[in-house]
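In this document, chain identifiers A, B, C, D and E correspond to the written order of the chains, with residue numbering beginning at 1 in each.
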Amino acid sequence: MDTGAVQRDPAEAGGGQPPLLEASGLKMVYGGRTVLAVQRLAVRPREFIAVVGPSGAGKSTLLRLLALVEKPAAGELWLFGRKVWGGGARAGEKELLQLRRRLALVLQTPVPFRTSVWGNLARVLGWHGQAPGAPESRRRIRQALQAVGLADKAQQAAASLSGGEAQRLAVARALVLQPQLALLDEPTANLDPGNVALVEAGVRSLWLGLGRGRGQGLDPHPGGEQELRPNPCGDPGGATVIMVTHNLFQARRLATRVLFFWDGQLVEDQPVDQFFTAARDPRTQAFLQGKAVF
Amino acid sequence: TWPGPAPLGGFSGRADLPVRPGTVQAAPHDPHSIVVASTTSTQDSGIFDVILPVFEKNTGIRVKVVAVGTGQAIELAERGDADVIFVHARASEEEFVAKGFGVRRYPVMYNDFVIVGPAADPAGIGGGKDAVAAFRQIAAKQALFVSRGDNSGTHIKEKEIWKAAGLVPKGGWYKEAGTGMGNTLRMADEMGAYTLADRSTYLHLQSHLRLKILVQGDRILFNPYGVTAVNPRKFPDVNYAGAQKFIQFLTSPEGQKLIGEYGREQFGQPLFFPAAGSDL
Amino acid sequence: MRDIVEGFRQAWGLIAGGDAEFWGIVLLSLQVSGLSVAIGAAVGVPAGALLALGRFRGRQLLLNAVYTLMGLPPVVAGLVIYLLFSHSGPLGFLHWLFTPAAMVVAQTCLAAPIITGLTAVAVGSLDDNVRLTALGLGASRWQVLVAMISEARYAIVGALVSGLGRAMAEVGAVMMVGGNIRWETRVMTTAIVLQTGQGNYSMAIALGLVLLGVAFVLNTGMLVLQRAGEGVRRV
Amino acid sequence: MRDIVEGFRQAWGLIAGGDAEFWGIVLLSLQVSGLSVAIGAAVGVPAGALLALGRFRGRQLLLNAVYTLMGLPPVVAGLVIYLLFSHSGPLGFLHWLFTPAAMVVAQTCLAAPIITGLTAVAVGSLDDNVRLTALGLGASRWQVLVAMISEARYAIVGALVSGLGRAMAEVGAVMMVGGNIRWETRVMTTAIVLQTGQGNYSMAIALGLVLLGVAFVLNTGMLVLQRAGEGVRRV
Amino acid sequence: MDTGAVQRDPAEAGGGQPPLLEASGLKMVYGGRTVLAVQRLAVRPREFIAVVGPSGAGKSTLLRLLALVEKPAAGELWLFGRKVWGGGARAGEKELLQLRRRLALVLQTPVPFRTSVWGNLARVLGWHGQAPGAPESRRRIRQALQAVGLADKAQQAAASLSGGEAQRLAVARALVLQPQLALLDEPTANLDPGNVALVEAGVRSLWLGLGRGRGQGLDPHPGGEQELRPNPCGDPGGATVIMVTHNLFQARRLATRVLFFWDGQLVEDQPVDQFFTAARDPRTQAFLQGKAVF
């Protein structure tokens, strides 16, 4: 069952900042076409990575692979220090589940479950073994809904939400889990500037590990002035975030590092400042100028 | 014996045509075919498979057997949907004629009913010949008995015997099944119960059953089959001529011989006995 | 035609009359069919969802087999169950033959493939993003299954309605394994056959109308329940 | 048990043997059931889609009625059709009684509600945005209907499979209006009943297996066709 | 049947610039909640209107009403000089269809029909009575696919498109119809800057009436330099566009007029320059600063 999952060399795992995620030769093929082929990618804990690139470049495909909800056609993938795929081995269903429970994926298309807004979050908590009616669960649900501005719509049928509301619900479902790794696929694409700021603040709080402690609620309306700072208590709870976005301003605002995909290839991988000022690949430059059409 | 092909006038042109499946467009007024309303137990006995090919070859008339419940067979004919009825429920047949739906009932053959039951014979009726006494015994011992309960010829006969015994069967031992002969036999077999069955169905299912024949040969157990043509004055477009030929054939020496021989090979005994011209 | 009209009149008479035997038959029909559909649903809904979601070898073949069993002739089902439960059969020791238990087994065999197959269709018709969303939020296989069933519930109610229709209308199998014994195993369909065989057409039609009425009430109940659970739903 | 095993052997013998009567029965079954499902689909698919999409008064009631008719007992259907086509019935002049034509009518009556009801479920389960998209791009009511049917085709094939299953397994109605006349109206199910009645259990099972085999081939054909039309499809 | 539809006063209809669309007291209610209530709105031909506002403000609802795919709870609506709803009357199904055939709606959620990309466009043309195999149809399909950069994916199954590709397909389905009125709901929300530019160019071409004439294809890669000018032939073919967007830059780039919705109310209705520089309502100002969260 779990033969495919190998514990990383303990020395390395205990080291300063071992990678949270490592992929090599990761490949995805749909209908005979290779839509993604990543030579090497390593993500350390607490990074905030923006994934950018033209439509169809393979960004969503990458996220599905990293979330372990799809199996790559080839390549190796290590996550949380465990080997998930590679070398003919594959993790057992049980191990996959354990790993998935430490992350949360928000798909590009929000899929509200056919129940109330509150029920959507309660269900997700239930999957993680949290009694949805417990005070702690209720607190977390309330907090997550506030974080995306849906607190007053808790009882509405999720299927009747507007496009932007549905998207915020999808983000709230991930936030309520307080995952170690958040994989977000264009989570603000359908939002107006005000709500973009709100959702960004929620994601940043997750990244910084705010609101993880009991009772330490997220500020629902953080505003622009008040800067968010990492949890002063030294709580290691901050999450790693990998976020697909087509909004370059957003990438700049939030990310510590930017990956640029082009036709399934990772052509640029830079810290955020270098990415915008000193991109190496000409395709990246074209993209930044809004000229790259794939 | 029966003459060769095309024995009767009127159909000589077609009599020798081979009958091919699927080519006959059925319609009630088709002069080259007749609809025979019969009972499932008659059809289940398999006798039609022996008689009909000879009749069809002789006359060129296709016989379409519609096998349903006894009551339903008569009902079919009363609506003009059949040309002949061939059943074993004498009283109903005679009523059918009396109401003017049928022309006349002709006796064709008989077989007999038998009382079957478990080999252990808890009511101790085995070996005897007296059906009425056997029924009394069963009732007295409250031994399980399965009745057809569907107003079929068999059921009517059963009720006749109970009446002769002066009994009204009732109680947990008396199961009113409301189903066909085969099902009733299977049920009696499973329950270790007695039942009244026609010999032919019993012989067909014998290999699947543990039931034994316990009482047979009583005159009250005779099961006469009659054939009646539907009255053309009630329904002008019935195929009366064809019906007549069918009746003639069944009661002819050739037909009677076929009937008398059916079953000898398979079961070591005939299933039916010729009765044309008798008072059965 | 007269019989049809007469059938309506008699149906009314039956319902209004309060005849104990008639109501006993109706009740037994409900019990047998209801239990069969309940068992069929308990097995068929998860099985259908698994067939739709699983990625095991032979899945498609199995699915085709289930579709095919939707067309299992009741007489054959009845015959096989009869042979299994008969005294010389492997399950003869249960003594279920000609009792309602055997009838439930028979109807379950007929309803379960329908419920399974149509659930598989219902779950298979869902957007794959539902599955990916659940997986990506940490749902286990079973939790995914439950979530998909919940998302497809509108169509799954359709599957249950079909299964109930099959179970209630069926006659060949229950006749064979139940025996249509008065006061014991007689249900509405076997009673209809009995009346028809005796040429009592209008009574047969009357019973048929009552059966349809019962099915109508059950279906409406299911749909109302389903819609109540739905909250706001476009039509 | 012996009979079940023997049934498999005999099924093989029948198929390999090439007996004209046997193949004639198989062919007639296919023709009658196939035609019934074709007619049922021609009526039921559009009707079901209309029931799902329409906004007329009484829609829900009508839908419930269709669901209820899924459970129409075949004997009742057969009886009513018999009365209509009987010599003394209103359609007696057609002389369809005891011909395959009446059998097609009977099976259509049984298959059509299933196809209609399940199509309504299939179309009703679609995202409402499909409808709005089509309308917003200038589709007429009928074009919307066709588009919705096309989007729901996976589930509609499920509806057809169910309808076919019902038609092929059905015996009470075809027995009643067809009469199970040898060479003319004997189909597989009525032949099975006949064999069972004569105590030829293994032959009955053999015929049942052949029937299931035929259904399997038909279903597989439908699914392959459907999948071919689908292009790329997740599983 | 058609009693509800009244021809506008011919004098007025023939006037200089009669409104293409006029609404008053238009109201929509969902589950007892009024989600849209527009006092008055008039749109003249060839306007390019951006509709902005926080998530849940009723923008998509407005578009569905204007596209005649939903019936308002109350109010009057005139379209193309015809009265559609109002005063107890309603247009007949046939008239509604005729009116709808002059417009095209792109929903916020792209719904690709389960056929090929090409088949999606062919079907839409088929609805308008164009034989999909005719050379003219093929030319238009090709042109529309090029306009959104999907020409090389024509044979792919539409269900397998990426998020941005699906969105571009939805836009192409509207472009291929060359409608008089285009109602677009956040058509570039899921697109990267390069593809945003591409789609914007396509929409502008439609607005300007370019590519309407036979053989006069759209420039698939218009680039940033080359300014698009109205059809010089004086072709009246230019379309009216009403586009929901949360991208204020986009509104500024494209629109001639901006509507700002807040909680179902139209609180600001200004020419584009005034909107960004001299908004009257304080809520508009808050929104423009990214502070308005509804």
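Remarks
One rule holds in what follows: a residue touches a chain if its C-beta (ideal position, glycine included) is under 8 Å from a C-beta of that chain, and two chains touch if they have at least 3 such contacts.
Bear in mind that the values here come from a model prediction, so they are computed numbers and not experimental data.
Chains that count as touching both subunit B and subunit E, per the definition above, are D. Distance from subunit E peaks, on a Cα-centroid basis, for B. Top-ranked chain pair, ordered by C-beta pairs in contact, is C-D. Using mean Cα coordinates as chain centres, the one most removed from subunit D is A.
Centre-to-centre spacing of subunit D and subunit E amounts to 45 Å, using the average Cα coordinate of each chain. Averaging Cα coordinates per chain places subunit A and subunit D 49 Å apart. With centres defined as mean CA coordinates, subunit B is found 80 Å away from subunit A. Measuring from the averaged C-alpha position of subunit B to that of subunit D gives a distance of 34 Å. Each of the following residues of subunit A touches two or more other chains: 30-31, 109, 156, 160. Counting partner chains per residue, subunit C has residues 176, 196, 201, 232 touching two or more of them. Shared interface positions of subunit B, i.e. residues touching 2 or more other chains, are given as 68. Inter-chain contacts, as defined above, occur between A-C, A-E, B-C, B-D, C-D, D-E.
Across the complex, subunit C meets subunit B through its residues 82, 86-87, 97-98, 175-176, 179-184, 186, 190-191, 194, 196-201. Against subunit C, the residues of subunit D that register as touching in their complex are 1, 3-4, 55, 59-60, 64-65, 67-76, 79-80, 83-84, 89-90, 114, 117-118, 121-122, 124-125, 128, 152, 154-155, 157-158, 161-162, 164-166, 168-169, 171-172, 176, 188-189, 192-193, 196, 201, 204-205, 207-208, 211-212, 215-216, 219-220, 223, 234-235. Contacts from subunit C toward subunit A in the complex involve residues 127, 129-130, 132-141, 143, 147, 150-151, 153, 230-233.
Interface of subunit A with subunit E (complex): residues 30-31, 52-56, 60, 108-109, 149, 153, 156, 160-165, 168, 185-186, 189-198, 221, 223-224, 246, 248, 286-288, 290-294.
The touching residues of subunit A, when paired with subunit C in their complex, are 64, 67-70, 93, 97, 100-101, 103-107, 109, 111, 113-116, 123-124, 127-128, 156-157, 159-160, 170, 173-174, 177, 183.
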